[in-house]
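Each chain carries a letter (A, B, C and D) given by its place in the written order, and its residues are counted from 1.
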Amino acid sequence: MQNKRKICVVVTARPSYSRIKSALQAIKGHPDLELQLVIAGSALLDRYGNAADFIQKDGFEASAKVYMVLEGENPTTMAKTTGIGLMELTNVFYNLKPDAVITIADRFETIATSIAAAYQNIPLIHIQGGEVTGNIDEKVRHANTKLADLHFVSSEDARDRVIKLGEEPAKVINTGCPSIDLVKQIESEIELNFDPLQKYGGVGKNIDWKKGYLVVMQHPVTTEYESSRAHIEETLKAVHKSGLPTFWFWPNVDAGSDGTSNGIRTYREQNDPENIHFFKNMEPLDFLRLLKFSKLLIGNSSVGIRESSYLGLPVINIGNRQNRRLRANNVTDLDYDRMKILAAIEEISKIDHFEISSIYGNGESGKKIANILASVDLCSSKTITY
Amino acid sequence: MQNKRKICVVVTARPSYSRIKSALQAIKGHPDLELQLVIAGSALLDRYGNAADFIQKDGFEASAKVYMVLEGENPTTMAKTTGIGLMELTNVFYNLKPDAVITIADRFETIATSIAAAYQNIPLIHIQGGEVTGNIDEKVRHANTKLADLHFVSSEDARDRVIKLGEEPAKVINTGCPSIDLVKQIESEIELNFDPLQKYGGVGKNIDWKKGYLVVMQHPVTTEYESSRAHIEETLKAVHKSGLPTFWFWPNVDAGSDGTSNGIRTYREQNDPENIHFFKNMEPLDFLRLLKFSKLLIGNSSVGIRESSYLGLPVINIGNRQNRRLRANNVTDLDYDRMKILAAIEEISKIDHFEISSIYGNGESGKKIANILASVDLCSSKTITY
Amino acid sequence: MQNKRKICVVVTARPSYSRIKSALQAIKGHPDLELQLVIAGSALLDRYGNAADFIQKDGFEASAKVYMVLEGENPTTMAKTTGIGLMELTNVFYNLKPDAVITIADRFETIATSIAAAYQNIPLIHIQGGEVTGNIDEKVRHANTKLADLHFVSSEDARDRVIKLGEEPAKVINTGCPSIDLVKQIESEIELNFDPLQKYGGVGKNIDWKKGYLVVMQHPVTTEYESSRAHIEETLKAVHKSGLPTFWFWPNVDAGSDGTSNGIRTYREQNDPENIHFFKNMEPLDFLRLLKFSKLLIGNSSVGIRESSYLGLPVINIGNRQNRRLRANNVTDLDYDRMKILAAIEEISKIDHFEISSIYGNGESGKKIANILASVDLCSSKTITY
Amino acid sequence: MQNKRKICVVVTARPSYSRIKSALQAIKGHPDLELQLVIAGSALLDRYGNAADFIQKDGFEASAKVYMVLEGENPTTMAKTTGIGLMELTNVFYNLKPDAVITIADRFETIATSIAAAYQNIPLIHIQGGEVTGNIDEKVRHANTKLADLHFVSSEDARDRVIKLGEEPAKVINTGCPSIDLVKQIESEIELNFDPLQKYGGVGKNIDWKKGYLVVMQHPVTTEYESSRAHIEETLKAVHKSGLPTFWFWPNVDAGSDGTSNGIRTYREQNDPENIHFFKNMEPLDFLRLLKFSKLLIGNSSVGIRESSYLGLPVINIGNRQNRRLRANNVTDLDYDRMKILAAIEEISKIDHFEISSIYGNGESGKKIANILASVDLCSSKTITY
């Protein structure tokens, strides 16, 4: 019992949870591992879909909760939130004394996890390094890589990149992405087994989704803070004009979310689009089900790149948020342009789904991660390979 | 006037100041640039040699001062200090609205500067990236590189490494190290033009240094926190035994400094070594003069690698703190071993100085940096090159 | 010019601004004073009515802005918000070097202002001390009094209490409440000079307010965090049942505001009350106009006690939030009980307004405050009088 | 077991520990209470005598440790330290979920404990309220009183004052001061049972203390920051001139301690006083023994007022730090004046000890406190009594 490795995972947002859930389950279930789950940041907040609730329902218990989000939703509060998080997470690790800390992907506050672990000489594992995008996430992700001692990447492409960044090849392991494990879980389902309107309420028109529907999820892009409102309007107008039944998800927290959120709110109040229903949040598996049986996903969520590859779901990816992230052939990239978006919606909503792609893993990542964690040599110092 | 570029430089420690001073002068004197100098961290504290005093004497004015060092001097307070610094520096940049921020080298708290700038979309310039060492600095330095938009490196070797890290070659400029500019400034001096004992007081015996002396400067190594006391004793015993007149400098702040400082303090009280005089601090130029006319530098300071290369000064470099940093042929590397250190002292103190090496620049870095800052294209987003 | 006294006022919330506005104008206009206005906390946030906008429209410029509200809206984030505010405001005062700092009333975060000033030996002036209420505000207010060097109170009753608290009588000055100055400004108006629906939008039914209307403003009560939702429902049901046209204002930030806000939101969605229109915010003067021409104010806002006394406006004050605060005869106190509230609405909405009461001042407080600030002896130490 | 009341005590400094130790023992030993001990601030730091070591030796275990002291030792870092402490202690209480929190006396950082508890609706008990002094402590102490729900005071005089401050008499209990319990513990000893020089080392001359000695302990006074160096020199010169064997204790942390510490350090280096031996720290009981068998205590420590009353020890109290604190007839008050201090030393060192005074309790405070804690009604809200 006392020899169990304590693995501390810090979840700071709803999407990060979906992306790590199967690994959390595998760690919790592994005889040689003890899970220390820290729920922090927007994962604790109602406004951002309170992931803590889902996490609890899924049977996990938090070892610590960290309130750290400073209100304001601008670049300045984003930086200060990270500073607060760093102070707090340092305390948390100091008290939990984990054998390793896992930091997830590239959200701005994940660097607080990385520094709090690295500076206290706790072996740091970075999940989903080595990918490429086009804004502040890009800087955060690679900085996390340089702070981490071990890397669980999601694709061969990402593995190559982390090695090029000067990490030892033996420390860079392609585990696939745990988010694909969830997709695999619903692989055999053949139709949507719940009514989204009944189960999740939401606001807007009661659309008739049974004959096919679109899903939209578009987040603000940090470095284009002020234009996020203009961007979202292009998508709103195209989707509205298409007349196709649509489930639209509010964006998660980020500098600029007000621009996007306000753009949606205003458009809804002024135009009351008859074909769009809005949701704040959905249980991760239900969300995947909704995608699986949709015609098309629109927006700039990484779900379009990652989970959708294994679903074979057609995706219209807008703007540069997912720039250069490895993608299968299900993705069509477009600029913020209502005419082009509308044209693409009309065309793509008619085509069939694509072949399943395993570029982001084959649905066994969680177990693979837990097994490695139980046996791998953990250490907290390294030197660049060149 | 209103078109001057505002360049904000954050100095967080005494050694960082020496390393950037000539660039600060060049920026201050450049017609198209405005210097915003932020003095922070241990640079404000008497216990660590109050660099703020030297800075003021040199004619610079602080745009802001940031108290951020949490007492404790352990890995936990180091991480929390960085969090506090991040909160504070975010405010400072928010108010100063610089056109670019410069972060220096690889001390643990420099990542606070980097994040505060990067997250607020302020172009970030990293100085002295691309080098290689062997502890937490290694992680910090490369993470700074991945957060920065522009890189002023000190050697061709470093430039190659930053480019390998995925930075655009055009954004990686070998300016040489500004610290060499100071060395060049005293190039023509032919003997020590001050009496160290009279000018700086210090404690310990009044040694007879005029016929030749050693200099020692050995810092704790973060990841070997508990053994720092044992390490310093090896050097103390070797230097004491050598009987050669020696000027010894107290270490600067770092986790573990108490181990080192206490080791020195105890040894001094118990043995009262007749050949060693201790200093807390010295004006940067005087320190270089002291080195220039010494027989040998002992310890693990980067001064032994960098400034000493241009001085041709023989150096005994102890332990792995400067591991793999590019060095000229003046450096002899040794482990923490009193017998080997003593043997090396006896041998090397008899040899002549080496040829001057320009691997870290030719003494014109400050001007070069200022000129680039005045004309370079500044931007705050980037994507990895591969 | 250089002899002007620098008076730093920290405004942390929308209602605090209304309460100090006339003093800010008088300070700004006084030849011997310089106003340093710090906008902080929820005053910067859209969610809480962004007072910063009104402040700017009124011609004030911020000397500093301080983001400090940690998301979560519970007692824990309330305490941490105060800690963040204390760190930040300390910096702000350190840089602005005011001759005196003014802290307003008793919101939880005002103690951050008080400590930041007191610990830096800056004379601290507390406005609106000496009153009595029934929750955490009660503790904060009297702690502010004990940290402050000078007291500008709003009533003779309050003055007596501050003196009893051990403050020197000469340092406790009844200036009246600056909020009454605003009421006086609209004293001569004889009908509502704007259409609330047109000017402020809001949500809910387009009620016919021209023949008389109610106003509701009910905040959560901190120490009864979990029952705030139950409390608000009592008021909602009573007001809905009354059928009288009603303007309802969302609560401001406080632990528990979610209980209250969610209660309102849910009730609105489920019942769509035909007689209620909801506002988030209103310019302070317009809000006073709305009150002046209303039949009745319902809720627990201090506006009901204070400004309404000078308006002679009938008020139904619910619960213990304003407990024991000095009141004129316009106030009827009730418990959270829909039947009693409904009965009171029906009765009181038929009666005339009351005589004007000057218990909270005669409308000249702002000028009085500025004049005292220009001449009073400022000092930052004191000893209890007994 | 599960019905034990959890009592959380926050110790932030060496002197606070001595003052609460017997209560900690009684709480720990009480069948109905569970002690949650938080060690914070300078109590964790070597520079300030690392009280954590003594605490551990005494058999207590820390439930949490909080690093919070920001380096700089000036009014600005004092305020920011309090902000950091507030953030951290909020977390600590949130996790420990105590039934009551105890805050001790009036050091600047104790208000962080008070706010963290009060804002989270945890019943707050203040120990040693109601006394009177002459600097920032005065403000902190009374603010703590106004934030606290229950008061354990040390004298009848203090009890009267807390009641005058508007607290309910039933909530203000004169328990006496736990520090007197320690004095009582050594009541029967008839000579010093250890050799201070051998047991504690220290620096300075090996004085011959066996025929009688003085003890000096003089702290900086916050609001007189810059003159602390001048003040300490008056005492140094008088004590040196007296020629009497003297044990001198370094001051504890406070803004200005550098002025005092540097004054002592410089004087020692320049004058090497043959009659003075310097200590950094001593175990609390040994310190009391040292006092008990000394001729005279000099300085401004509250030990001179409090513990010394029960020892009957003659005390020369210098300056206004203990201004107006209740004192027995053993105290002689003097200004910072070397001539007067010297004259008083010469006169008073010849007189006998005074009668024991019980104004600060009879040595049973710890037990009394624990018994009350086990049975008292705990609640976290209150209203002023007038």
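The working rule: a contact is a pair of C-beta atoms (placed from the backbone, for glycine too) under 8 Å apart; a residue touches a chain by one contact, two chains touch by 3 or more.
Computed from a prediction, not measured in an experiment: that's the story for all the values here.
Common neighbours of subunit A and subunit B under the contact definition above: C, D. Chain centres were defined as the mean of their Cα atoms; on that basis the chain farthest from subunit B turns out to be C.
If you average the Cα atoms of subunit C and of subunit D, the two centres end up 40 Å apart. Note: centroid distance subunit B to subunit C, computed from Cα atoms, is 53 Å.
The residues of subunit D that reach two or more other chains are 76, 80, 84, 87-88, 91, listed in rising order. Residues 42, 44-47, 67-72, 76-77, 80, 84, 258 of subunit A are the ones touching subunit C in the complex. Only residues 64, 84, 87-88, 91, 95 of subunit D touch subunit A when the two sit together in their complex. Subunit C contributes residues 75-76, 78-80, 82-88, 90-91, 94, 108, 111-112, 115-116, 118-121, 132-136, 138-139, 142-143, 145-147, 161, 164-166, 222-223, 225, 323-324, 380-384, 386 to its touches with subunit D in the complex.
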